[in-house]
Amino acid sequence: MSAEAKVEPQRRRFAVDLHVIGPLLALLALVILGMSLNDQFLSAGNVTNVLARSAFIGVIAVGATFVITIGGLDLSVGSMSAFLAGVTIIVLNSLIPIAGGGWGTIILGMAACLLLGLGAGFLNGILITKGRIEAFIVTLGTLGIFRSLVVWLADGGTLSLDFNLREVYRPVYYGGLAGIAWPIIVFALVAIIGEIVMRRTAYGRHCAAIGSNEQVARYSAIHVDRVRLATYMLQGLLVGIATVMYVPRLGSASSTTGILWELEAIAAVIIGGTVLKGGFGRVWGTVVGVVILSLIDNILNLTDLVSPYLNGAIQGVIIILAVVLQRGRKGA
Amino acid sequence: MSAEAKVEPQRRRFAVDLHVIGPLLALLALVILGMSLNDQFLSAGNVTNVLARSAFIGVIAVGATFVITIGGLDLSVGSMSAFLAGVTIIVLNSLIPIAGGGWGTIILGMAACLLLGLGAGFLNGILITKGRIEAFIVTLGTLGIFRSLVVWLADGGTLSLDFNLREVYRPVYYGGLAGIAWPIIVFALVAIIGEIVMRRTAYGRHCAAIGSNEQVARYSAIHVDRVRLATYMLQGLLVGIATVMYVPRLGSASSTTGILWELEAIAAVIIGGTVLKGGFGRVWGTVVGVVILSLIDNILNLTDLVSPYLNGAIQGVIIILAVVLQRGRKGA
Amino acid sequence: QDKDAKATIGVSIPAATHGWTGGVNFHAQEAIDELKAAYPNLDFVLATAGDPGKQVSDIEDMMATRNIDALVVLPFESDPLTSPVKRVADAGKFVTVVDRGLSQPGIQDLYVAGDNTAFGRVSGEFFKEKMPDGGKIVVLRGIPTTIDNERVEAFQASLEGSNIEIVGMEHGDWNRDKAFEVMQDFLSKHSEIDAVWASDDDMALGVIEAVKQAGRESEMWVLGGAGMKQMIERVKAGDTMVPADVTYPPSMIATAIRLTADRFVSRAPMAGRFVIDSVLVTPENADEHYYPDSPF
Amino acid sequence: MKSSRPVPILEARGVIKSFGPIEVLHHVDFALRPGEVHALVGENGAGKSTLMKCLAGYQPVSGGEIVLKGEPVSFPDSEAAEKAGVVLIHQEFNLAEQLSAEENVFLGRELKRGFFLDRKAMRARAESLLRELATPVDTRLPVSRLSVSQKQMVEIAKALVREARVLIMDEPTAVLTGREAEVLFAQIERLKADGVAILYTSHKLDEIARIADEVTVLRDGALVANAPAAEMNPNRMAELMVGRELSDLFPEKLADRSREVVLSVRDFSVPGYVETASFDLHRGEILGFAGLVGAGRTELMEGIMGLRPASGTIGRNGETVRIRDPKEATRRGLAYLTEDRKGRGLLLKYGLRENLTLLGLDRFSGIFVDEKAEDKALDAAIRRFDIRAGSKTMAVGNLSGGNQQKLLLAKTMLVEPQIVILDEPTRGIDIGTKQQIYAFINELAREGRSVIVISSEMTEVIGLCDRVIVMRSGRIAGEVSGAEITEEAIVRRAMGLEARQGTEMTGEAVHVG
């Protein structure tokens, strides 16, 4: 008995290490590949670019990690983001005459965006919990609804932020603190808080429990529906945060905004080691997953080894390889 | 004991009835809506159109029902279909000098399409079973790969079938038997066979067992990996069948072929009552789901109640309502 | 700007998600291959994007890692690309904008413009000419975007004053399959249709199949747009269903790339605005618009 | 027995429970008193678990009332019951498999320091609780990696953390060995001393006789007896439960068995669990495998069945065979009944028919599955194994635990194996049915089949087996047969106090990581 007790933990530490190292290894391989292809790859400018643009998907994917951990799914995040961006732009433009073209207006617009995000998440959550409809169906439905609404608001075209306001708002994406771009800072904060919430709070634990076995969670006096609703609202809020940073980048919203972000977010979550069927989530893994996906695009732009027609194929192959790398390790 | 046995089945039949009636009710509601909006709705022409165009997604969705029942997912079906269509067209065009422009060539092309479909399914399946990679990741990867390959084969443009050959091939989509279009016949056959396979064969039982609890299946001497591989191959074959009917419709394949079919197929499967997490599949439900989705489009086109910008929103609302209708019943 | 100086030209275009952008991809690739062979000192970076965000990223990458000297960009959408392209121009790079103008004037050095308003207007005028007594038509629109809006608005404006009535209008998303299905439903819904403005050749092909299926070829004709090879062939052959086409040539990207390259290989100062007009193609002038090698 | 008994804390008064039209509890009355252990006994499907669930708020009663401290209460859910101090340890595991032991123990009751979890405190408490329960597992391991008995201990720890005033335990010892059960009884003594009222069920009647203060007997959902434990003994309880007198529990062992070897296992290793095990199995023999929990018996058998990667040679009727997967094993005439009926044995959402035939589906299908033949087989199985189900189409998850076990046994036997490996075959089975199963096993042996029985119930091993192999820490530690089969002999080998004859044994576990 005592011998076993001695042996077991060791075996486990070993196994965990490999599992942990998996996504990181894939990331490392990509970085080495990038370095070998272009000497500008590790330049501050390129690194900032890659990380800053990961921030949107990244912040959303942190939310998706929680949603997937509770055994849910949110397909609507991309079009929700487009919708939020559209409404935020309308709010900002119409606030100029009232609140002026300065930071006051922008802060009001941001607040509106976050609130609306919470509301959109609430809509998804309440349909799923009270309506007892599969998350897949609900969010497929709201995907269509949000996307349509933004097209309708834009009259089929583009909603465009006032150009003067754009200049004021710009630093939220392009500016930074101590040389680090704001989106990177926000992404890092969201990720760190997300990881802490997942690991160190009762809420995080309850998420995993619900995803693992809903019945058990209910029997353990967890308010399953409440946690679930909160999680979809959290996802909505995070989409709001991502959108707040997205608006100053492009200054517009249209039917193409945020297209396929949901798939990218889910892919990042799964590459990061979260289980699609729920019960186990890993926020830091998601961060690695997001950066991996973002790097693939970047690396494809670094070289012209292949026809751009084949970009999608290369992307596909690398996604699979990245996961093989970690699974292979795990199985070893 | 005997008293119990007498009472139980009755209760059950009652419960099942309501569950069964769910998707059918949603379908009925849509038909009534369609009839009230347009008197051409039930015309033979319109009914044929709706059913014939459901056939592609329908045949694919029957495969998706099996894939989802074993607890898997195939996101690659749409781009697989585009890829198959592209290769089939190339094969057909290049066979003309050798095998002539008649049915011989077309049958060879069809065979190539089906074989390639099997092969593509095998690729997905082997990566999932032997590579031990999540189905979501594998098929997301192959989605990109197939899509890219067709763009590459078409040089970014469109692959077009030889015009003379097209005239020969045309009846496969536009022709029919006893007034019923071929695609409808094929869809019906695939659905009936699918339902029988799911309900009455050992393979169907094994699919449900694997999706329900993989361990139990393994301990019950089921070759889990073999069944899984077979299921992805079945999905590939069905994509092949759908493509065989698709090619004569417009005689072309391009990057837009089969876009988002995967989402539509999955949505149809779930509307039909199959459980997304696996363990229970219902082929006839999928058929109803496919027809529901197809009808929504049709009804929106037949009326101009709302701005076309809002079509997506109406679609979303109807999808959710269709499911509420059945779930509401089930809960009752 | 001497002949041997190395120069890198970045080309950023939308991914081949429908027929026309497919053509853009083809012509861009072809122009690049040709120029590379002709001028070894020129280097090109081609990136294709599926959405405006990705396109902005591509341009950022070209600036950060490929050290481009010039940028040829066909904006996915005007508005979101305006600021990022302005940054490229501000960094002193040569900027060529193609097709869709930016939202602020004066950013680019060279503008090779397609004219969506003209596209709609020319189409509308053809309808007026073909249907002097008016009639009923249905319209298939593209993906909801500014381009589509401009075309449709110009089309509708030019029909004003005629007796032509638009009895149905739906989005076909510049997609053959979608157009086929929408047209099937239009045919069920309207017993009387005299003509179809498919507004795009890909959609026109879908529409024609649906009309053929319904056996109503003799009742109506179809006007597409963009100048697809197959459609030009039909016009040339005098197909009654396809009496004409309106060009919106994807080859404008090649023009833009060549003009930009010229700036680096010859001393010709390249700047200004080149408008690629939308022209009505009829059996008479069809030969001028027929490119048998193009995949589009 | 105390002279003046404390007032009841929790009572059932005329409790009725129906599932649809089927009434499974008929007017049950009884009372739980602080500081006493009240045992509930009855056959499989008698309604014990259902009654317990009603008391703990997991299921609403259909009639009658639950009375807490003299006040009628109706718990809307288990949370309300828990708040009132009533906690149930389920018969079937109620743990989130992906979560660690520590997370499960504190699920819904997390200790916090401010906003954050106090993980240190929780880990320390969970570890100390599990240590008290003699289960020193790594509390960070996901529960899915624990053995069934370890899971049971985690369940018990989870209940202990909830500081119940009324603790309801549904067959807690079904998956425990005698030694582990002792650990639990010590805990029960401690709780009793603290004034906790305990409701306890078990099919191990000697246990009941030892720890209960009062016994209530249920038969077919009706209360048939209620008496102080002093007035009861195992035989009397068994009679009341079954409604007839029970003859000898174990059938008579056959005098002489064939020496023909049907299965010979040599140098068999299952990495991480079993080291170089070798043994022979003879025709018509009942071979027992004994050992402490974690000795690797299950893993050895799973290795032989091709369910785990393993090395070594297997001879079948003298011919060396390779068994790569359970299908091949089945083809070679082997069948294995898993110890984990919920996780590996049955599809809980499916009906009896689908579960029964899953292993032997080949026999029922040409092109199509012959559902009529399946139904016939099910009827036969229901008769042969006395499976009591409300209906044949009900989800197996709703069967009583013991009836699930019987169905699993029927499923395993449906392929008519020549060699049957039964891992804890009578887990959760009532004494009447146990007797039937023993008779059945004996009959198998008489027919010339060979049976391996892994059991943690010493009496079972002793009463049933012709020969017993004892495992310890992944190795075969010894073998006893015939009259040598005594509890002492087995325990000595299981604890490493007696080395295997002729083999150098250090008694130390050797694990290959």
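Chains: A, B, C and D, in written order; residue numbering restarts at 1 for each.
Just so it is clear, contacts are C-beta pairs under 8 Å (C-beta built on N, C-alpha and C of every residue); 3 or more make two chains touch, one makes a residue touch a chain.
Given the structure is predicted, the values throughout are model-derived calculations rather than measurements.
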| item | value |
| --- | --- |
| Most distant chain from subunit B, judged by the mean position of its C-alpha atoms | D |
| Subunit A-subunit C separation of Cα centroids, rounded to whole Å | 34 |
| Cα-centroid distance, subunit C relative to subunit D, in whole angstrom | 72 |
| Cα-centroid distance, subunit B relative to subunit D, in whole angstrom | 45 |
| Subunit A: positions in contact with at least two other chains | 151, 155-156, 307, 309, 311 |
| Multi-partner residues of subunit C (each touching 2 or more other chains) | 15-16, 25, 29, 144 |
| Where subunit D touches two or more other chains at once, by residue number | none |
| Pairwise chain contacts, counting only pairs that touch as defined | A-B, A-C, A-D, B-C, B-D |
| Residues of subunit A touching subunit B in the complex | 71, 127, 131-134, 136-138, 140-145, 147-149, 151-152, 155-156, 263, 266-267, 270-271, 276-277, 307, 309-317, 319-320, 323-324, 327, 331 |
| Interfacial residue positions of subunit B with respect to subunit D in the complex | 1, 4-5, 7-9, 11-12, 196, 200-202, 205-206, 208-209, 212-213, 215-223, 279-280 |
| Residue ranges of subunit A in contact with subunit C within the complex | 38, 40-41, 43, 45-46, 49, 53, 56, 151, 154-158, 160, 163, 166, 170, 246, 249-252, 254-260, 297-298, 301-302, 304, 307-309, 311 |
| Touch list for subunit C against partner subunit A, complex | 15-16, 25, 29, 44-48, 50-54, 56-58, 60-67, 76-83, 103-104, 143-146, 148-149 |
| Of all residues in subunit D, those that touch subunit A in their complex | 58, 77-79, 82, 90, 94-99, 103, 107-110, 112, 115-117, 119, 136-138, 140-141, 272, 292, 294, 473, 508-511, 513 |
